[in-house]
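The structures come next, written out as structure tokens.
Two complexes follow with subunit A in common, the first pairing it with subunit B and the second with subunit C.
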Partner chain A sequence: MKIITMDTTKCVGCRNCELACAYMNSNTSCERTYSKIRVNHYIDEQTLIPLTCLHCEEAWCLNVCPAAAISRDENTGAVIIDSDKCAGCKMCILACPYGNIQFDEKDLVSTKCNLCEGNPRCVGHCVGAALNYEDVESFNERARKKVDRKIMDAIKHQCKSMEVENDK
Partner chain B sequence: MTNKKVVKTTCRMCGTLCGIDAHIENNKVVHIEGNKDNILNKGRLCIKGSSAVTWLNHPDRIYKPLKKNDQGEFEEIELEQAMDEIAEKLMELQKKYAPNAIGVWKGEGIDFAQQEELARRWIHSVGSPNYFSNDTQCFASRYLSFNLVYGCWPQADYENSKMIINWGTNAPVSHSYWMQQINEGREKGATLVVIDTRYTDIARQADIYIQIKPGTDAALAWGIMREMIRRDEIDHEFIDNFTVGFEQLKAYAEQFTFEKVYEITGVQGKDITRIVDAIAKARPSVSSWAGTGLEHQTNGVNSIRAVTMIDALSGSVDRKGGMKTPKGLGMRGLTIYDEKPLLELKPVGADRYPVLYERRQECHTLMLMDQIISEKPYPIKGLVMTAANPVLTNANSNKVEEALSKLDLLVVKDLFITETGKMADYILPAASYLEREEIFSNSAKQAAFITGKYIDNGLQTEYELFKGLADRMGSGEYFQWKNDHEVNEWLLEPTGYTVADLKTNPSGFIFGEYEYEKHRVKASNGEKPFNTPSGKVELFSQYLVEKGIKGLDGIPEYHDPSYMETKNTEYPFLLITGARVQKYFHGRYRNIPQLYKSDPHGYLEMHPEDAKELGVNNNDRIKISSRVGSLETYARVMHEKEIMRGVVQHTHGYAKENINRLTYDDVTDPISGFPALKSVQIKIEKID
Partner chain C sequence: MIKYKEGEKVRLVIIGNSAAGLSAAKTIRKYDQKSEITIISKEEGLAYSRVLLPYVLREKVDYNNIFIKDKAYYEENAITYIEDEVVALDTLEKLITVNKGQAIRYDKLLIATGSHAVTPPIEGLNGSGIYHMWTKNDLDDLLPLFNQKKSVAIIGSGFVSLQAAWAAKCRGLEVSIIEIADRVMPNVLDKKGSEVMANHIVDSGLSLYTSMITEKVERQEDSSFKLHLKNRQPLVVDFVIVGAGVKSNISFIQNSNIVYDRAILVNEKMETNIKDVYAAGDVAAGPTVFGDKHMTHALWPTAVEMGEIAGANMIGKQRRYQGSLNMNVTQMYGVTVASMGIFDDEQIDGSYEFPMDQYKGYIKLCYKNSLIVGACIIGESESVKLLGKLRPIIKKGLRIDCDPEKIESYIDIQAFQNRY
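The block that comes next holds the complex of A and B.
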């Protein structure tokens, strides 16, 4: 099963993901208010955090919905809100620990990321490759490589200083 | 029956050239996304790329030529009639005044490859040397700078780099896929240094971010070089064998002590130490890039030369992870400068900016405006423009409007009626990038890309425009090919490849494996290692000395930017213009509704303390003025980290808040002739 992964060390906050998501959802505007993915920029901390729905295996929003408007897509595993069934009670919004469900003030229904039927526009527009749509295994592989490089550097560095020591 | 296809082609919403999958149904593009197989952008696209669907299907697009009638209104006419009348009027002007009374102007909206060369070919074929383009405000200065040092247009080898230094350039907004390459390098351990007056998108991931006073980059570069030399963190073997002018460079660098650099740039000595520490670890895999932040200054060329010399001293030239000096595909060119140089007809600006003309054959667009108005040294009466909108994008818009309104004939070819189009006598509808066949080549990746006519709206291509005019004006012999496909086959001939070969891989046809350190091979074969006059990397340029440009030597000296030389109490703020935003490209795409809604007007970015002193809040209406013009715009109060005090920024390309009403056309770099678009002195008033 593929998930959207986010690498905070690569995100520059260009917001192409937000623009694309907003247009995908509204079909009329790239304004951020329509976007289901949000990049938070903490300028004093020099930190950027892009985040959208994680499609939890035990999805509290899905469990709590009294209208049974939230279900899981069989193909993509996405947790999806059926806006025709949504009663606008906002329980899902309260249940989500990540603040990843929005409320559509016009149609008075909850809205969230639906993985664009397996072709998430945010990922396709992430020009710095901070977002990826991938298997957990491939994410882990990349994370491991990054750490391995650091370990390798440390080993090399240590060996070098040992060599210097031995020279004395 | 629906005719559906998905074509792999190249995006031309900006000059970055990402690969796209264009979904076409019944001769209409319905969806665009990144081509995952493309070797450059690997499936990722910025918002402009996918929004092209709306742009290309826009109800305001023009499909019929327009002619302005006596009441100043546009009327539709047939293409043949338009072409006949335009050709006839151009010939009349040449007869009445002189062959050089007409010119052609290529805008960024088309490309830099054969479309540009077709314009150059046509204007020379009809006997005028006056070719103009957007390049004299973007790109040409960098080209000259790099070319003076390396004898080529280099490319930063970001993916393999151990240290990346970005000066006044913001990859995620301006060259989107470069950000992937930079991140790839960083993932493998590269240090990222960003030097910019503005805390840009890319600065947010920098290991070292340096906020520098506008236009002082060369002083910092000299400070870094002095420290590299002092600590002996330079590549002696490369310097001794492959450069000229090191002794002059070393002597000039001496004066740039930490104290002096701090005084000029506001950058502290400890930051120079941090940068040189990183260079010491990373060399010879240091790659630097400089953007318009540097070239829009009076000392632009020399700043960029100085910056890239850091890479040269570190021995990173054409080394893995350094500055690639690529070999091209070896296509033919379409220009006829050897056959018809027409220098005796005084190309506009060639006298005043000889380096620009000799090395780029670019006439000077700012001097053109003066010349149209004054008719000195000779009158220019007719202009054919394709994909250009100088009313929005050239410095000093008021003068641009005055000049263009004085022309006897202005022809504008575009997809829409632009601000410049409104001033035209004729508007010709343009074919888009999905409606013509062209070749793009990326020498850093040793790859070529071909596009095709995937949609046919019966619109005239660039080739058909110039061939049509040439045929009517008696120079048809230069345009013997039937269409752009035949042109492309001819261009490719010496490479041994054909269009069909390129089509075998529209995601990147690889024509060779990149070879590093070509200068060593060349040297051992007895060839010139670099394509400069000396054959070496030129830290000192004898060529520039011989040009005798006042106040300049062969070393890329630091000179104070114009705003420092003339302190100005009437206009106390320093305006930088031209920082791009994601959604737009220069004057284009404000007519894409979804983008426009997210960014509906121009605004002046300012420091919170400056805003406080002016009594201005976010989104307040303000009036801003320079000595050449004024306009009303909106205030955007930034975080204190994002912009320096006393410095403000306004993006260009908004018709209502056209910032070029404030930019000067008479403060220029003496080598490139580039206007100092990032050194404009202004005042700000709150509108109550």
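The block that comes next holds the complex of A and C.
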């Protein structure tokens, strides 16, 4: 299954993804309120995090929805909300550990990323290549390599400092 | 996993056709296509969601949307559905006696019979014109009244009662809420939260009486009701909705050896004291994340979780429940109300209230032994996300090393670092 992955080291905080998502969902506006992806700017921590639904394998929102309004799209594997069934009880918002479900204050229903039926607009408009639409496995592979590299660097660094110690 | 002999099918029987029972059936079928699943329910018609009933009363949700499973679901998942009432249980013979049909044999049994609304012992508080707001039948009774009648008294101010009251108000009825305790929603909000909520209720044009004892309910000739209140003028209303809590549906196990208190006691595998008998949902008292051994929440999410654990264990998967964490959320009286965990002022030893403008509303974090154990919200939808992010932290009892006002960004960054 493919999901939208995020590389915070590449995000420049331009919020193009938000605009693209908002327009895709509203058809009329690029206003942030319509967007299902959010780039959070943590100024003090000097961190940018673009966040959207991870379409969890064990989606707690899906299991807990008392209206049976949340299901998994057969084609894309996306966790989707049927707005005709949604009662607007907000249980899913309370269930999501990442804060990735929004509430539509106009229609009084929950909304979220649906992977644009397999063509996520946010990814297409990301200028920093921070967002990618890729297979979960290849992403995990990449993430693992990244961790491996970090460990390798740390070991190398340690070895170097030991050499310095020995030279003394 | 269950080991099958040639041609043998294990009979898994679930009593109850709602959150816990259906969640168990779903979990069983996820791993096991072979076992026979039978669901027995005494409620007529398709499985429905109790959570949605007040939304139908309010006309926010269409009546047909309350049904969460259609007939085809049972066929597609090879689930036999029996509409009947279980009257007795023989755990030695593994036999279920039902009201109308033949006795049903089981190899493993899940009791997920839910709960029923209780009526406080007030003189005259019974018969037609007095309603609850707990089942589909209650909804069917109330819907026409909401169209015809002009005034209603709600006795009790719990989560469901206040939703019913709000629905009545939205439909143009004159609404009076009578609460015996000194504050509204004592099981959902802390003291200050109750005050904030009470203001929203009164501002929305409802009459609210707290610390109010109803002494007698008198049926009048014109079929209206006169409520005699202690130290106050009587109140005359067209009908009454009673929301005084719920009790587990356990009458049929009275003569079995299953151990129960107010609900059936289960361990972290949803097992009762009797082998091959499990219980889940409102009918069961199981472990909480705070270390309580037996607690009943009568909440939809808890029932779903317990059902999942029970279902997995019924087919031999060794699944242990982390424990339940109570959570409530809805939008009413123009605000979003939500709470989670422990927030009772008596049970916590510290708290933090966010400045009103940070999340645009009343939001309080509750601490015990410097760990976050609960939270309350009366504000906007956006702040519910904070509660969602706090859930895993409360569940795992994680320590948070940051100023409380920055907790959300702290969690976001942590979650991201753990993932990437």
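The rule we apply is simple: the second predicted complex is superposed on the first by the 138 of 168 C-alpha atoms of A that agree within 3 Å, B and C clash if a C-alpha of one lies under 4 Å from a C-alpha of the other, contacts with A are read in each partner's own complex, and residues count from 1 in each chain.
Note that contacts are C-beta pairs under 8 Å (C-beta built on N, C-alpha and C of every residue); 3 or more make two chains touch, one makes a residue touch a chain.
What you see is a predicted model, and the numbers here were worked out from it, not measured in a lab.
Novice: Should A:H157 be classified as contacting the first partner (subunit B), the second (subunit C), both, or neither?
Specialist: Neither: A:H157 stays clear of subunit B and subunit C.
Novice: Per the contact definition in the header, classify A:N40: touching subunit B only (first), subunit C only (second), both, or neither.
Specialist: The second partner, subunit C, only.
Novice: Mind working out whether A:A95 is in touch with subunit B, subunit C, both or neither, as first, second, both or neither?
Specialist: A:A95: touches subunit C, not subunit B.
Novice: Return first, second, both or neither, reflecting whether A:R72 touches subunit B, subunit C, both chains, or no partner chain.
Specialist: It touches nothing on subunit B or subunit C.
Novice: Determine where on subunit A the residues touched by subunit B overlap those touched by subunit C, and list them.
Specialist: Touching subunit B and subunit C on subunit A: residues 44.
Novice: Using the touch rule from the top, collect the residues of subunit C that touch subunit A in their complex.
Specialist: On the subunit C side, the touching residues are 19, 23, 49-52, 55, 60-61, 65, 68-69, 300-301, 304, 308, 327, 329-331, 336, 338, 340, 381-382, 384-389, 391-392, 406, 408-409, 412-413, 415-416, 420.
Novice: Could you pull out which subunit B residues touch subunit A in their complex?
Specialist: Going through subunit B, the ones touching subunit A are 33-34, 41-47, 50-51, 172-173, 176-177, 179-180, 182-184, 186-189, 199, 201-202, 204-205, 582-583, 593-595, 597-598, 639, 641-642.
Novice: Spell out the part of subunit A that touches subunit B in their complex, as residue ranges.
Specialist: Residues 9-16, 19-20, 22-23, 26, 28-32, 41, 43-44, 46, 48, 119, 121, 123-130, 146, 149, 153 of subunit A touch subunit B in their complex.
Novice: Touching subunit C in the complex: which residues of subunit A?
Specialist: 6-8, 40, 42, 44-45, 47, 49, 51, 63-64, 66-68, 84-85, 87-91, 93-99, 101, 103, 105, 108, 143
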